[in-house]
Structures are given as C-alpha cells and as structure tokens.
Amino acid sequence: VNHEKPYEIKDITLATKGQKRIDWAQANMPITVAIGNAFQKTRPFENKHIAICLHVEAKTAVWLGALQKGGATISITGSPGTTQDDTAAALVQNYGVSVFTKNEETYDDHLAHCKSILSFAPDLIADNGADLHHLIYNDPALKPLSKTLLGATEETTTGANRLRDEVGCSDFPTLIINDTQAKRIVENRFGVGSSVVDGIMRATNILLHGKTAVVVGYGYCGSGVAQRLRGMGAHVVVVDNNPLTKLEAHLDGFIVADLETALQTATLCVTVTGHSDVLNAAHFSIMRDGIIVANAGHFASEINEPALDQLATKKQALREHITEYTLADSKKVFLLCNGNPVNLSAGDGNPIEVMDLGLALQAMSLARLAEGKGDLTNIPQCVPEDIENFVVTEALKYWAS
Amino acid sequence: VNHEKPYEIKDITLATKGQKRIDWAQANMPITVAIGNAFQKTRPFENKHIAICLHVEAKTAVWLGALQKGGATISITGSPGTTQDDTAAALVQNYGVSVFTKNEETYDDHLAHCKSILSFAPDLIADNGADLHHLIYNDPALKPLSKTLLGATEETTTGANRLRDEVGCSDFPTLIINDTQAKRIVENRFGVGSSVVDGIMRATNILLHGKTAVVVGYGYCGSGVAQRLRGMGAHVVVVDNNPLTKLEAHLDGFIVADLETALQTATLCVTVTGHSDVLNAAHFSIMRDGIIVANAGHFASEINEPALDQLATKKQALREHITEYTLADSKKVFLLCNGNPVNLSAGDGNPIEVMDLGLALQAMSLARLAEGKGDLTNIPQCVPEDIENFVVTEALKYWAS
Amino acid sequence: VNHEKPYEIKDITLATKGQKRIDWAQANMPITVAIGNAFQKTRPFENKHIAICLHVEAKTAVWLGALQKGGATISITGSPGTTQDDTAAALVQNYGVSVFTKNEETYDDHLAHCKSILSFAPDLIADNGADLHHLIYNDPALKPLSKTLLGATEETTTGANRLRDEVGCSDFPTLIINDTQAKRIVENRFGVGSSVVDGIMRATNILLHGKTAVVVGYGYCGSGVAQRLRGMGAHVVVVDNNPLTKLEAHLDGFIVADLETALQTATLCVTVTGHSDVLNAAHFSIMRDGIIVANAGHFASEINEPALDQLATKKQALREHITEYTLADSKKVFLLCNGNPVNLSAGDGNPIEVMDLGLALQAMSLARLAEGKGDLTNIPQCVPEDIENFVVTEALKYWAS
Amino acid sequence: VNHEKPYEIKDITLATKGQKRIDWAQANMPITVAIGNAFQKTRPFENKHIAICLHVEAKTAVWLGALQKGGATISITGSPGTTQDDTAAALVQNYGVSVFTKNEETYDDHLAHCKSILSFAPDLIADNGADLHHLIYNDPALKPLSKTLLGATEETTTGANRLRDEVGCSDFPTLIINDTQAKRIVENRFGVGSSVVDGIMRATNILLHGKTAVVVGYGYCGSGVAQRLRGMGAHVVVVDNNPLTKLEAHLDGFIVADLETALQTATLCVTVTGHSDVLNAAHFSIMRDGIIVANAGHFASEINEPALDQLATKKQALREHITEYTLADSKKVFLLCNGNPVNLSAGDGNPIEVMDLGLALQAMSLARLAEGKGDLTNIPQCVPEDIENFVVTEALKYWAS
C-alpha cells in the first residue's frame, strides 16, 4: 500500500456526484447521524484505526462519517460489483477515508484489497461475510492482528455461520449484527416486504391489483412480502410446509394451498424460503401460461433456472430484468432478474431507514468493543441487549414523532 | 410525404429491441389481443385507413396489431418526448405501419407529423388532446376530411373539453374514451394508486412503513393513493375541502386534517387535487425539515415550485428525480420530479393492464364508427354503454380467472 | 284523546330504567345535543306542536329533548314491535311528551295512535313510512291539516317512494332524510357494514377468521359488509351482476364469482341486494353442509325461506336467532333470524352515531320548515344541501377531533 | 355419591333445550367430532373412567361425546357460575354422563362435587385450574389415586403454574394444553382479537369506525385486538413498554404513544397487558369526557376500579355492562363490565372453533396418556409436539378447505 496516496479507486473526479448521493442518504439516516454527533463528544475511537469490509455505497459513507466524528481513522474495501465508484471518490476526497475498491474488480482484486486495509494495523474491524476474519485466522502474516485487535463486528448471517464453524480460532470478540431481533423485524419483515413489491413493479410495470400472487415461504420475509402484496390489492396465496404457520396465514385472511394447487391459479409466484430448488421442472410444467416468477430469497437457487432452461424451446431477454422462456406447449414463463433477489436486482435493495438502523447497531457495537471487552467473551455473539434497545429507542424517536 | 418510404423515425435498426418491448406488453394485454383475433374474422376495417395520434410506445403497438388484424392500414404520430424510438422502428419494419415521430422533436415537428398522417386520407382518426380534430376544423386544406371521416375517438379529458368548447364544428361523431366509468375506476383509483407508490419508491428508496404521509385530495385518484400508501404501512393523513369526502375518509380509518395541521407531522406529502398552487410559500414555510414532496396530479402546478425556489437559499439535484431545496432556516425540502407526476416521471406510468382496458375501448369504438354511425350523433360523446360493458366483462374474464 | 292524561303507554313506573338508556344514548349523540343547545337560543319551534311517528327508543328520545329545547310541544307514536316501553315511560314522566305506543300493539292500534297524535293539531310532522301523510291525504277528518301544516319530514326511502307515487296530493313540503348522500355513506356503508358483523357474531359465536364468506350484492351496503368481514379475517367472495361492480371488487382484492361457484366453498353467505328470492331452492341444494346463511337487506324475502322449508326434512330452532334445516341428504343449513336483517334482529341495529347524524338532519329540517317554506316547494324533496353540509361538518367536528 | 342416580344437577327436564345448544356447537366442531369417530375404531378409553373438571357448557359436551366414542365412562363437574343447567341435563339424560354441578353453587359445593367425581376411581383426569390435582396431592383419602392414575391434563396456565410450584408431588404425567403455540396463536391473537370487538359492540352499540381506540399492551392478545379494531375502521393507538414491540407496531401502521399522550385523544381504551393497575387515578383524571374503558386481560385488576370509584361524585349503571362514573369536573367515564374481560362478560367468550381446537388437543392428550406413559415423565409438561401438529393439521383440513 502506497501510504502517500492510500487509496485505490476508479476515478477521483467522480467525487461531486458521489457526495450528492451521500447527502440524500444522510438526510434519511437520523439515527446514525445522531450517534456521530454524540461520538464527537465521547470520542470512543480516538487514535484508533478501523478496517472495514462493507458495500461501498452512500449509506455506508454516512456511517463512516459518524465513526470519524468519534475519532476513527478508517480504511475500507467493498464487494465486487456493488461498489459505487462515485461514492468511493467522495469518501477519498471529502472524508479522507482510505478506500480500496472498484465496481469492476475480480475476487482476487478483492482479496488483495482486504489485505491492503489490514495493512493499516487496525484496532477494530467491521466485516461482511467473514472475509477479514478468515484472512486473520489463516494468513500467517496477518495472524498477529488477532492479538492486538480489540474486537470485530460481522454484518451477515452467512458470515456468522462461517465464524461459528471456526469457533476456538478467535482471540477477540465478534458481535453479529444480524442476530438481533430488531434487524429481523425491521429488515426482514418490513424492509424486504416493501422492497420486493418495489422490485416487481419496477421490473414489470404490471398492476398488482387482482393478480393471484403465490408467496412460497411464510417466515419473517415471506409474511412481510405477503402482507405488502395484499396491501397493493393482490389476491395472495401462501404456501408453506409448517402446519402452524399455514394455520396462522389462513386465519390472517390468506388463502393457503400446496404449491401444485396454488400454481393452477397463479399469475405471479414469489419464492422466499431460504431453500434451493423450490420451483423445479415439475412446477414449471404445470404453471399457467404467462406467469411471472421471481425470487426474494437470498440465493438465486430457490428457482431452478437450469431446469427451466432445459424445458424451454426458446429463451430471450425482453425488458431489462425479464427473461421469457417458451416451453414445448408454447406456454410462456417470465423469470425476473434471472432468479436473483428481485428487490436487490431490480430495485435499490433495502430502504435507507433499514440500513440506518443496521449501521447504528454497527456504530454502537464498535464503540463498545473500543471501550474494552467488558462482558464480552472471545467468540461470535449477538449485539449486547442494551445496544439493541438503545438503537430501537432511537429509531422510535426519529420514525414515530 | 414520401409514399415510397412512408415514415419518418429516428433509426430503423432499433427494430429488434423495440419488438422485445412489444412482446412483453403483448403478453399482458389479453383483452386487446382477443379483440384483434375477433377482428380477423369480422374485418371491420377492411379497406380502411386509420390515422392515429397517440404515444408511440409498446402498449400502443400491441393495439395497432389488433387494428391491422381487422383490416386497417395505419399511420401514426406520437407526442414530443414520449416516443420510444425502438418501438417506432419495430412498427415500421415488422408491422408496416407508417410512423411519423421521433423522441426528440419540437412542437412544430409534431404538427408537421400530424399533417403527414392526415395526408393518408383516413377513414377514421384516433386522437389525443384533440390535435388532429383541431387541424381538421381549422386548416382549410384539411377541412374536407370532416365530410369523409366516419368518426373519431379522443383519449383524454383535456381533448374532450377542447372539443366540447367547439361543439357545432363537427360533421362526424367523436367517442371520448376517458368519459367511461371503467377508466375512472380502473385507471384513476387503482392504476394511479399503485403507480404513485411505485414512483415514490423508485425515486427515493425510502421505507414507507411508519412514514406520516399526507395525501392532499381524496377523489378517485387521491383515495387510490391513500389506500395504497396505507397498504405499504404508511400512516396516512387525508386533506380535502369537501366535508362529506372528509367524513368518508375519516370513517374509512384515515386521519383527516387541514393542510396546515397535517404538515406539522408530515414526512411525505403528495398532491392529487387537479388544482394549481395547492402547496405554496405559506406551506413550504411550515413544513418539517426533511419532508419529501411529490405531485400525482396531472399538472406540475399543484406544487408552486417557483415559490419554493424563491424561498430557497440553495437548490441542488441529488439522486435522479430528487431536488433538494435549503430554506433560510437551513430546513430542507426534497421535491420529486420537479413536481411532474411522480408515477409518470419516476416510474413507467400506468400499468400495462390499465392501458389494455383503455386501448380495448379504443379498438371497439373505432369498429363501431367503421360500421356506420348507428345511434351516434355528430358530437363528442361517451363510448356506448354496450362497448363499456363488453370490455369490462372481457377484463373480468382475463383478470379474474 | 284524554287531554288530562295525554298518553297511552304500557307502564309509567318503567321511567327510571328508560332514563338510563336515554342517558347512554345522549352521551354518544353530540351533534343532536349541540343542535338542541343552539335551539335553546333561537327557539325555532316556539308555540309549535310537532307530531312524530318514529321508533320510540332511546336515540329518538335524545332527539325529542333537542326539539323541546327549541320550544316544541311534542306528541309521538312508534311502530308495532320496536317500542321500548321503558323509554316511553321516561318520555312521559321526565320530558312531558305525549306518547301513544306500546311494544305489543296491533297495526290497528298503531293507526289509532297515529290519529291520536294528529289530534294535537300539529304545525309540523315527522313521518316514518308515510303513515301520517297517508292519513292526512285520505281521511276527510284529517284533510284540513294539509292546509295548516308548515311541512313534514320523512325518514325512509320506502315512505319517500309512497309519497312520490302520490305527487300532487300535497299542500306542504316534505323533506326526505334518506335521500342525502351523507346517510347513504354513513349509514349504509359504515353503519350497516359494522352492525352486520356484530349481528352475525352475536347470533353464532363463530370465528370469522378464515371463514369463506360470500357477500351477495356489492352496493353501498354490500361493499361495507364485505370490507368489515375482511377486516375480521374472513376470506370474502363477492357476487354481483354488474360487470363494473365486479371488476371494482376484484381489483379491491376480493374474490369475485357467480353465486353457484361461490356456494361451492362458502361456509357463510350474506345477502345484501335489495331483491327478493336471491337464495332459492336451486341454491340451497348446492350449498355445503353446515353453511350459515344470513340476510342484511331490508326485506326478509332476499332468502326464500318457504323454499328452504319445503326442501327440509327437519327444521328446529337451536340457539336464539339460529334455525337448523336438515335437507334430504342430511345436509344442514343454518338460517339466522329467519331471514330478517341480521343487524337489526340479532344486534341493536344501527350504531348510535349513525342515528345521531340522521336525527340531526331531522332536527335541522324541521327547523327549516318551521321558519317558513323558503325555497321549498310543496313536493317530496331532498334535505337542502346547506343542512346536509352543516350536519356533516358537525359530525366531523365531534367524530374527528 | 348415590350410584343408583349418579348425578346432581338442577333440573333434568331442561335436557331438550340443552341438546339444541349442543347440536349447534357440534355443527362447528369438526375436529373434535372427527377424533371421536376415529376413537370409535381404536377405543383408547375401553374400560376406562375419566373424571373431568371443566366448564359444563355445550362445547364441552361435544367433546365428552367424542371421549365416549373411545369407550370412556365419564364423570364431570364444572365451575361455579359457568354451568349451563340445560346442557348438564342433556348430558345426564342423552349421554349418560355423571354430572355434578349447578350454575348456582358455592365454592364449597364445588369442592364436594370434585370429590364426587373422584369417587369414581378414575383412570384419567382432565383438570381446570388444578383443583383435582390439589385434592389428590393433599387429601389423604384421595392420595392413593396418584398411584393408579395413568395421567392428567390441565387446561389453564394458572393451573399449570400451580402444578409447577408443587413439582415433585406427582406420580403421573400432566399435559398442559395452554402451553401449545397453537393455542397462543389461535386463541390469543385471533380468538381474543375478534371476541373483544364482539364484546365491545354488544355492550355499547357504538360505531367503531373513526373512534380513536387506545390498546394498552401489544402481545399476542393485544396485537390481535389492535388488528381487529383497525379492521372495523377504528383509528388505533398502541401503548406498550417494550421498545421493539413499539417499533413493530409503528411499522405495521399503528400510531404508537405513551399512555398519557394517547389518552388525550382516546374515545375508547382497552387494556390487554396481564398487569394490574394499568389504568389508575392519574389516568382517569386526564381522560377525555365520554371515554369508554374496557379490559380484555384475564384479571379485572388491569383497571383500578376502586380508584375510579373514589374519584367519582356519582356512579350509576346504564345499559347492561355499562357503568357511568361522573368525576368532579362533571366529566364522564364509561366502564364496561366492571372491568371484567369484555369478551367473556359482554359476549359469548371464545368462538366455538377456538374451543374445538383446544378440546381436540385435550382428547388426543388423554388418549396418549391412556396408551401408557411412553416418553412422558411424571411432571407437568407441554402437549407432545406430534399431537399439536396433528390437531393443527386437522384444523387446516376443516377450516381451510
């Protein structure tokens, strides 16, 4: 790393455009902004460096500003494909953050960037998918960091699972943001519920009123999706395996059916199960002509696209985000976003407010780690309850007044 | 008009891309497609030419295909700024339609194009905003057409008002599509209600859940907008002048308030009144810091943007569709789409199904005119009731089965 | 009429109990109470007698109190079967009203009572079903009243129709309360919608959540019933003949079906059509075993009970308000309230607030008539628009603050 | 106990009326009926006696019929004040059950009746509030039963808590019905939610549309109540102490406020917290004139009626279930059902379907105990998961088809 010019981004001249994006995000992130203002007095990160792996986009930038008010110096890398190059430029030019990422980069580039930010000898890390943890645990050159780090955060459940498989490796505590009930309710039920509706409408320009929409899976995310589709006038049919979940959906006014029956009337089908191969060849064969199929689960594999591909005699992209498959009986199936999560691929992903809450949890967790380990032990663990309560109470203050 | 090469479009090589757009629209326009198939047998437009002024976009193209199945030859022009150049190319290359329009054209170009299509000596015209009617009534060279025309349709209320101001001019009947109750309910309440939600979400990426959203105006459109915002979890406050309308909104579970009171808590404000200057300097002054303001009425003037501009010490574009105004007390107001209708400007406008119903009314109306004038008199009038019932019944058949 | 003891009621000692009923109603009738307070200053009925035919129950009593504050002396009769004898006693003892009615009385008694109140030489009458009008038009002894009466009101649509059939008979204006849009929305959509749910729950003790409830008729009343049943978690299927009404219901999220199809899944069926014989032998034969059938329309004849009776091999009353019919195939049909309106028969009828609005229209209408005929002509006509607006504005003031 | 005439009820001649009540309940209890039919083949209770303490009313009777089909002989006692004497008569005359209870009986009578049914040397007991358990644990004459009993069920949480305080006493397993998630969702959220609306409407005859209704407590019961009041058009304000619960309510579209703020606008207030003294003198003092106050929690103490009584200058019963308190400033507060649960006191309590599910859990639990103890240990424990799944699956079969 060139510490004279400690960044590697696409184009520094994009900073003005990036700053505007950040300004819009900031206007809708009162919790994170307020925490930053409080940090300005308490300075929890005085003389501390935080190395961060998280999507480099406008909402993240607002959060970095809050950490800086707390005294932190910061280096950050993103994920291949999600970096906003203009936001990256603004972070370098206007915030003095050491940014190492470009939108178009390979996974090898990404790993190199992870090493770049770890070269700053951080006191704290904020991780995403456990990429930084993995390097520290396994790269002999980075291993010493585990002795000096005050602690870490991990954003995702995927990363948390990875860390829990390696329990025993750690010499520092890691707080898992996604373990909080607050994120499950705010992000999964409400955030996903509304962004999926947004994504489907953007991708298709269809009228949801009167559509028979099958929602497969009625967990936190699925029940949110079902509620919002109903809120837009759709006739929602719920498919789930758990009898009690089905009964709950039925009593809440939804039609409940098994998938095969549901597909006889469905004109829209959304998967939200967390499982693979939910829609497969047997299902594509019985679908109605003209059905629109979308996935809202984390992995594209909920819809078995290869099976659909094999059944199809013709396949063509229509509008952006819509692929038309023509099956042997000339029936058409329209797949959105190639099965990728429709809210992320066709929309802007989670609403800003949802990220404000999540990043506020991040900020407070890092401050707790910086203060000293306290009750924390050297394993992956949920965010302390008092922090969750504090952030939720802040959210209420800004959202419900 | 060069009748060897009877079209004037931007680029014929865009036809492939345009055809894909048309394919997607067609898959969601069963009513118009079915009418086209019926026309193939009855051939109502055999040896007839239809000159059309309507937005040249994918949904319109599907409708032209139906008219052609009925035997029509067709010339069409669009509106400045709304033409899809790729759809225009597909219409020329794949459908043999005489298209005269480009996305980037002036109003003078538009008038010239209107004259171009009237040069085909049409038997029927389909008009939008009464532009074609106006030329026929007033241009001596075109006046003779009024004696040979079998009849016309007019899509808009604005055009209908223009025609009604000139009653007495006409020698042929004009059927007004927008006079039907079907369009009012399907397009205004449901179509606008859902496309406004779509537009706001696209423009802002905000979470509607928990937002205090003021809807100004509770007519067909406004009540639709209020219902859909509530369906997405917003706390909706209704403002209207009519006491009975207010009572209805109140009993339907909405908070009802006068505009000044409503603005004390509003974090989102949508105008849908049909009147000008609904939000003006007095209102901007009392708005909360950070409010998002959008218009869903036909004219941008519902929000007095010049007044807002004058109050502002700073004005800058942030995200596409969002302009930030900073007022004297450093309060910020975020205006969407410069006050233009948020569903059209930030979204795709009316859902496909809504246009399917409207264009089916158009197709059946033109066929009725082609058959001979029947009960029709030579004035602007609503679509005959049996046609409205037929199209609504068709809609039920496809949408509710 | 014995003018020494000018009343004929069941038992004067019931007055205390009746007064308590009136107190509860009064606490929920702020519009009528406020009008009474205003009347106390303006005294529109000074030296005037008002003869009234209306249900003698607690809400009516509150209204009489308001008229008395305006200076009126009052005589009243009720309808056979609806008189609350305790309220009648309180009206005599505590209000000094001349009451002529008992709960158990014949139609002949009723007519005699009508004549009794007309013997007071009233200046104004308030009628219900046009009984008083009919006597004045047709009884030579009462005919002279038509020359001295300042005017009349009529509560019901049935009465209005009767009056309109006899147009030309009248020498005084009659204001029709039920012609107002305010009553249609407040009473039909909201009042009936909620009292029908109330009535069904009282009669049956069933869980509405998850029931497949067919609502036959989707006018003001029917759409209100459908909305409220959905609000209680029922799966609502709408049946209606009008295609546009059906499309509206479908887009509003209801399943729409023809009656025969709907009955294949219905576990509850409510008629609200205004027509006779909506459910007949053909329908009873295809109903599911165990279905609950109720009527919410004005006349019991919407359900053809004689046809059901004839199909039944056994008929027995179960709980109060529930009759079990066993058909030939041992299938059971449960009819509520013998087909009488379920909200009136199993419940308390219209909520107090609905009557407050209706009686406020009555009070203001009588005051207008007392002031002199003004713009009013000597025919049945709607309540003047300024009165409707005034009362609706008052309702907003009390209900929405 | 006179084993020649093994019953003690009020009046055997009431049997016909009681049988009709049972018939209505049976028509709506398909799960329990189906289990009875299955028992007829498997005969799990062959040569076994079941002694039961549970409310002697129609739904219970249907369940007894199912147990008899499984071969059981049965003795039963009820609770003081809840026995339906006519149902008791039908059980004796038509079912041959040994019934020991009258509606009007003292607590001492009740204990004597408990001993009467235990004199039948039961193999199984079904308990309610742990009265039978308590006698067996503590009465030396009954203690030997604990060695011969195959097991027991307990209906209530109150009884379960009592049993858990005495852990170690038991020589047989006790299955706690109310521990199942199925009962919590079906009974608490949906059953209570709808029966509270029912109770309020019966008690008051008010219009819920447009009322500002405060719901205090947003657990399973409270969120159900809030949802249903909203479903009837009320403007619902939620009060809760837990920040995350408040945030959830806010995002689900409810207004969230602290109790003091909420009472400034409330015209209806319902407590559902499970805590005492939720509404006390401080709250009554700030309530609006004319507010209606009801409790939906288990204990009347949620509303501090003595405090209200002390504040009042006058107190009088109005309609049944409504008490009017006039405070010093002539403000009126209307308390429903003296603070007893409004759904039970003013309505019929839980809908039949809810009891069908609960009694089906009872029936299957008793059969499991009769089969031998299996995996069961000699302590109070939840109903086995496979039984809960079976009953929920049955519920789905009957409710969702």
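Note that the chains are named A, B, C and D in the order they appear, and that numbering of residues resets to 1 at the start of each chain.
The rule is simple: a contact is a pair of C-beta atoms (placed from the backbone, for glycine too) under 8 Å apart; a residue touches a chain by one contact, two chains touch by 3 or more.
Keep in mind that what you see is a predicted model, and the values were worked out from it rather than measured.
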**Study point:** Selected interface, B-D versus A-D, where C-beta contact pairs are more numerous
**Key:** A-D
Revision key, fill the gap. Most remote chain w.r.t. Subunit A, using mean C-alpha positions, is C
Practice item. Round to the nearest whole Å and give the separation of the Cα centres of subunit B and subunit D. Key: 57
Check your understanding: Once you find the CA centre of subunit A and the CA centre of subunit D, what distance in Å lies between them?
Key -> 44
Exercise for review: Scan subunit B for residues touching two or more other chains and write them down.
Suggested key: 190, 207, 209-210, 230, 233, 250-251, 399-400
Exercise for review: Using the touch definition up top, name the residues of subunit C that touch subunit D in the complex.
Suggested key: 20-21, 23-24, 27-28, 190-191, 194, 197-198, 201-202, 205-210, 228, 230-233, 290, 316-319, 322, 324, 332, 334, 347-349, 351-354, 399-400
Review point. Along subunit B, where are the residues that touch subunit D in the complex?
Key: 207, 209-210, 230, 233-235, 250-253, 255
Exercise for review: Provide the residue numbers of subunit C that touch subunit B in the complex, in ascending order.
Suggested key: 181-182, 185-186, 189-190, 243-244, 246-248, 250-251, 256, 388-389, 392-393, 395-396, 399-400
